[in-house]
Amino acid sequence: MSAAIVIAGREIRDSLRNRRVLAATGLMAALALTLTLLGSAPTGTVGVSKLSVTIVSLASLTIFLVPLIALLIAHDAISGEMERGTMALLLAHPVRRIDVIGGKFAGHALVLAIAAIVGYGTAALALAVLGDEVEIGAWAAFATMVGTSILLGLVFIALGYLVSASVRDSRTAAAAAIGLWLFFVLIYDMALLGVLVADQGRTLTPAALNALLLANPSDVFRLINLTSGPDVSLYAGMAGVAHRSGASASILISVLVGWIAIPLLLASLVFMRREL
Amino acid sequence: EDKSTAAAPPPHEVDGDAVAQFCNMSLTEHSGPKGQIFVKDDPTPFWFASVHDLFAFVMLGDTPKAITALYVNDMAKAKNWDQPEPGTWIDARRAFYVIGSSKRGGMGEPEAVPFSNEDAAQRFIAQHGGRLVRFDQMPRDYVLASDTSSPSEPPQ
Amino acid sequence: AATVEVPVGSDLQQAIDGANAGDTLVLAPGVHDGPVTIDKPLTLEGRGGAVIDAHGRGRTVDVKAADVTLRGLSLRGSGHDLSKMEGAVFLSRTATRGRVEDNDIEGNLTGVYVHGAHDAIVRGNRIVGRTDLRLNEAGNGVYVWNAPGAQVLDNDISGGRDGIFTVTSRQNLFKGNRLHSVRFAVHYMYTNDSEVSDNVSIGNHAGYVLMYSDHIRVFDNVSVGDRDHGILLNYENDSDIEGNAVLDGAAKCVFIYNANKNIFRRNRFEGCRIGIHFTAGSERNRISQNAFVNNQTQVFYVGTRFLDWAENGRGNYWSDNPAFDLNGDGIADAPYRPNDLVDQIVWRYPAAKLLINSPATQVVRWAQSQFPALHPGGVIDSAPLMQPPAIPAAAAAKADLAEPRGPWR
Amino acid sequence: MSTATVSLRGITKRYGNRPAVTDVDLVLLPGERIALVGHNGAGKSTLIKLMLGLIRTSTGQIDVLGADITRHKASAIRADIGYLPENVVFPPAMTGRELLSFYARLKRRDVAQNQSLLERVGLVDAADQRTSTYSKGMRQRLGLAQALIGRPRLLLLDEPTTGLDPALRRTFYDIIDACAQDGATVLLSSHALAELESRSDRIVVMNRGLKVADGTLADLRALARCPTRIRADFGTDSTLPAESLGNRAGWRAVGVNIYEIACAEPDKMALVRRLMTLPAQPRDIEIVPPTLDDIYAHFLDRKAAE
Amino acid sequence: MSAAIVIAGREIRDSLRNRRVLAATGLMAALALTLTLLGSAPTGTVGVSKLSVTIVSLASLTIFLVPLIALLIAHDAISGEMERGTMALLLAHPVRRIDVIGGKFAGHALVLAIAAIVGYGTAALALAVLGDEVEIGAWAAFATMVGTSILLGLVFIALGYLVSASVRDSRTAAAAAIGLWLFFVLIYDMALLGVLVADQGRTLTPAALNALLLANPSDVFRLINLTSGPDVSLYAGMAGVAHRSGASASILISVLVGWIAIPLLLASLVFMRREL
Amino acid sequence: MSTATVSLRGITKRYGNRPAVTDVDLVLLPGERIALVGHNGAGKSTLIKLMLGLIRTSTGQIDVLGADITRHKASAIRADIGYLPENVVFPPAMTGRELLSFYARLKRRDVAQNQSLLERVGLVDAADQRTSTYSKGMRQRLGLAQALIGRPRLLLLDEPTTGLDPALRRTFYDIIDACAQDGATVLLSSHALAELESRSDRIVVMNRGLKVADGTLADLRALARCPTRIRADFGTDSTLPAESLGNRAGWRAVGVNIYEIACAEPDKMALVRRLMTLPAQPRDIEIVPPTLDDIYAHFLDRKAAE
């Protein structure tokens, strides 16, 4: 394990040095602040608290942005080092390949967590400073949102590694990563929508739809956050959905964790079969 | 299709609590044949003050589509036009409908009068005019295009 | 014409029978036994606390003659057989110009049954229906049947089935009534050429329910907190709905089903789950200069037809429209489309709600906002207003609502 | 320690259908300095990568420091291996010192030792520059330093002297000697055969993936029977009677009054003595023993002839 | 110039070999077909021709997808070769740096053009086969759309080069490219709309707005294709704003060409100052 | 052609504040083979890159083949330059043959010539493999081949023999000689000083960015006055009277009965003759002239001493 820690340390230092952390954090903070301050400006708010509005907008932002940042960080973690030739030397050291994946994962996870916590924390701070009274429950929802945002990021880091370990060069990795992003963030749900329309709501029952949603981590994230409280789900337009989607928050979170663990494992396996 | 495999719930009988879809009035406030539709995962039916409204529900885009059963009053069997008796419900998909007759529906709108057999329908046509259609042939225009003529006087 | 005092304990029917046409009977405070039938032009007036109690039998006061006035009475205890049209006051076809004023009508089946009585006036009564009956057994506050010229003014009606229910009539005026805790505040069936104005509906299942009627002028009415619909139009044609306010309705501010050629102008629809639900098959309705404020779904319309909700270059005000007005003419520079493909899909297939916040749907929406020709049809407002039009009824209602112990609380 | 540091048994490595290494047996012992030579594409780097488990064998068995290196669990033994790849590349954003610390930590060695390593490879001045600013030789030096971290028991050095300047090359061989003295096994592949001669205990010659020779320089010399060459320059001004060189038996003229002969090692001194006692004294003589180059050429030729 | 042609040839061969052309073409064709088949379905009553509907849907697809593909192709064209070290050898040949940019541009432009023409051609073919009669004018609009799509792609290829020539490594290039995409495709219009709404027509004159639209190539693309679109009153949002702009098609196209030329030039200049 | 192929006047190149090359003047003439030597980081590669215009000078003027190489328009003259970078990298997806065609087309040379180039560097068999499968030496060979495309008038070869096996290295020097014979200027940087000796007309020594020596080997030898070393091995069995070696004047014992002496070039033959006439005949003698290594070390030391 200690090898993984050393590698994680290097990744973190590297990320700090090439300002990747700064860029990611800055981007998240800027967008989160914008969304928070704009808030519900032009739309009709139906008597929900500002924090709920913020949570919904930030959650939407997360789905778009966090996977993107994660894939950007992760997509050439393996293929890039193989291509540049630094991987051979690394693997000649007492380092198991799983340590490489694990170490990089730990490092990148920290980078992402910092970006998310600082970025969204700024938004929370702004809200607090602007002096709106917010009840404890909403803050809990906010914390859930930040936490699951990080989880979502980890899912896509893991997926990025899987891509990176599988392809030959980092250009292919970049294309595949963008494909992955498009697929999970856009195409999957669009396809579901299409299927719903084509099916005329006959065979695709809510239960089936639910199961299908679990097969997409960004949908799992949405299910957790946009139905997290009556206030939030009301504003998110998902009122009355929460109770129908049978899965409880803890189940959803374990699905997300599964979505991290399985790609990581697969990435390790694929990486183990690669020759340098 | 799974319509046939899913156990279709049996028809309910009209009681005082049955409120018609679209107009929110009690079913008992209306005369003529009525309808009910069951959708998936809901034990209570949508009630319709007229068969016309039932078809509107089926055809409109904004209504649930996971329909498990549809029933209309068989006016061949019902003796009371104003309040068809219990036990006269038949599967709406199998019924024969007379449209364009002189008989008006529960609130005076043009009505599609359902019958369980063709003979009864033809007898009705002989008496009140109109023509015979099956469930799947019900013209969209007849149901959704609005009748801008003034409603006729209802039975008192 | 004489004025006859009717003491408690005397037989009211006898007093009526004994009176001459045009006499005024003044009822002493206390309970007078009913039911009674009035078959000549009389005025029955109650002295504070005069009660006519039918003890659960028949129509408390059955008016058969023209020019009868009932004033200042408490009317109680009619029978409860709907088929016998039992109620507190029954103005039959012959009871032309009957006047029912300032009475306290409570615990009857129907409050006032205007059954064919032309030019009757029901004014200033407090009508409380029976809440112990099931809805399909309950009577209405005022029931108008085939009574051209009948007017229902300034009453306070609660309990029972509908506040004012009119069937097969014309040329009626329902004005200034306060209707609460009923099913429908005002219910029109087969009634034409009438006016409904200045009424207030609070906390009913629905406010103004107009069915199978035409040429109704509905203006300056208020609906606050009605459960299902503020205004419901079902087979309703050629009517004017102007200057009304529907506030804080739970489900739908307005529901329009198979209704044509109506005009909606300068109304305010605020705080409902659906601002206006518009089903296919409703045509040639003109909807402009209304304010749609903070409804969760401003317009619910599932249809492939394009409907432009603007007249003469003036559309409606939409609170959720991020509008801009470069030339300052008060009309936004970009058209407003309340719904898009995603809305339509979600409405058709509610399971799709799970996807409503997905970036996929947002991208579909975004693409549509750029290129709405992808749009499956629906409502468009080609000239949305930058400011909501002033609607006095709404302003008044809001002012009252703002008072902690306002009259509508 | 008499057990082998590395043992290869019947190793074959194919890329697709093309074999890079074919059926190689090889045993490396502690304290040995082994030179791995062969033409370009002979399979030297492939062998080294196989020993590290960076690539997998197609057939055969490899034991390194007593473990099967391909096993996932065997990774810990790499702490005792120093490796210098033929193309040494470092993450460009790190400084030399940082990199050494990184690798030392991976090997769980004391980072404090790194300073002395930097001194040995002459990188102290440049230690705090990013490696992207290093010259080629500086990178190679850093690569060497990294391979030497923590007194490895096995050094696998793929063309270690590439790009090293003469000064550091000498230092390098001294370091290697010290390591071997210390009991480490040093395998180095190289094309600079001249340098290897005195610096290796054993020489392994690869040809087209096959091991064609394996032994000490003396063994190989004996096997190859390559001749020593003696060259005598009599100067342009001297007139040389033809019979002076025994009617030139074996002598070839390679220039104006310059003659060369190839002789077996035992005959060398007699020939030199004869030269010095000639009437026409040579202006200059050179004695060139058979170099590793010659021996190597011999083995390659023999193989090609087969 | 011939050096540029040789480089272009290599890029094309390379793109063909690593299946980048195939992937891009396949993606475009798949999405275009989907949109074509879906897009014409529910609009039966609108009274605009199917081709017109398809054109607008494809135009919106273009704005989204073509810049992405272009940036994916272009973002590491320069930085990648510098990083891998192949650039030094290339530049030691009789090749001006402007030839490198020009050659790569020609090659990548062809790749993109093939993807667009084949991809959108498939959609057109599908329409033709489905047997709708289409008047000539609509086909001209279609051709304009495809042509300007390619132009838009070239703009983003040029921008990609500018990024690639400016940054140090291809990871930064990837991040910058994504930023560029987000900016021009999403954020710019959103911000403009926001400003319009907030400003309420006080300072932002129509002329200023016009200038602002020309400052975003994807808006220019929109302007060109909207003027040939069916019913302008149908458009809302940015498109609605756009249709008020007075610029003629030829001016707009020259603006697009400017948007290609200037970044290319800047990229060349920046590249010329880079040391290997 | 008597004009210089390359002329550098007062060249300084700084990275940030750190100079990599300082105030270098250098003129290369047609037909010359110039060896560029110096320690790691001395600035050799920097000089070569400056000549190619890959990096810009901080101060100074460079003319290559009659043009200012930094001018954009001068790019055409690169058709007459062959360059081999110190780290030769190729686009991995292309085959060797494709790459050569690509570069030939860039230089507007006949692609048909490439086959003979492939033969010369021994890559015919591997020509149609992707370069990513090449061994290090094979890549170097391909790099050489591309540098030789189209009879360049100027060859700038940065450590060209790196990774080349001995066989090809010999071929390489032959090719270089042919090029020079043909009138080309060949500048090659190298650390393999031994090889350079007979293969270069001129030697340029760099030290910490400064040019510290520039001349023929003979010039440098004369300048440096480095001694020749003679080593005599009398064998362990022989008993050697102390006075045999003139009381060992100048002789150092370097082993059991092995003695070595450093002498100036003119004294060499006298010493050998003396050795051969000793009563105790040496079993073996070696004569080692001052190598480029020695001369080089001399110049570096002198510089360091300054």
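We just call them A, B, C, D, E and F in the order they show up, numbering each chain from 1.
Please note the rule applied: a residue touches a chain if its C-beta (ideal position, glycine included) is under 8 Å from a C-beta of that chain, and two chains touch if they have at least 3 such contacts.
It should be emphasised that the depicted structure is a prediction, and the values quoted were computed from it without experimental measurement.
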Using direct touches as single steps, what is the fewest number of steps from chain C over to chain E? 1
Counting hops between chains that touch, how far apart are chain D and chain E? 2
If you tally the C-beta contacts, which comes out ahead, E-F or A-C? A-C
Indicate whether more than half of the residue numbers at the chain D-chain F interface occur in both copies; give same if so and different if not. same
Per the C-alpha centroid definition, the whole-Å distance linking chain A and chain F comes out as 56
What is the distance, in whole Å, between the centres of chain B and chain F, each centre taken as the mean of its C-alpha atoms? 102
Using mean CA coordinates as chain centres, what's the gap between chain B and chain C in Å? 28
From the C-alpha centre of chain A to that of chain D, how far is it in Å? 52
Chain C: positions in contact with at least two other chains: 322, 348-349, 363
Give the residues of chain E touching no fewer than two other chains, as numbers and ranges. 18, 84, 169, 194, 197
Which residue numbers or ranges of chain B touch two or more of the other chains? 64-65
Where on chain A is chain D touching in the complex? 2-3, 6-7, 10, 13-14, 17-18, 84-86, 88-99, 272, 275-276
Residue positions on chain F within touch of chain E in the complex are 49, 52-56, 72, 75-79, 81, 83, 85, 87-91, 93-94, 98, 102-103, 105-108, 143, 146
Residues on chain D engaged by chain F in the complex (per definition of touch): 15, 38-42, 45, 86-87, 122, 126, 133-138, 140-141, 159, 162-169, 191-194, 268-269, 272-273, 276-277, 281-287, 293, 296-297, 300
Quick one: which bits of chain E touch chain C in the complex? Just the residue numbers, please. 39, 42-46, 48, 52-53, 56-57, 59-61, 63-64, 186, 193-194, 196-197, 199-201, 204-206, 209, 222, 229-231, 233-241, 244
Going by the contact rule set out above, which residues of chain C touch chain B in the complex? 134-137, 167-168, 183-184, 189-190, 192, 205-206, 209, 211-214, 228-229, 232, 234-235, 237, 257-261, 279-283, 300, 302-303, 344, 347-350
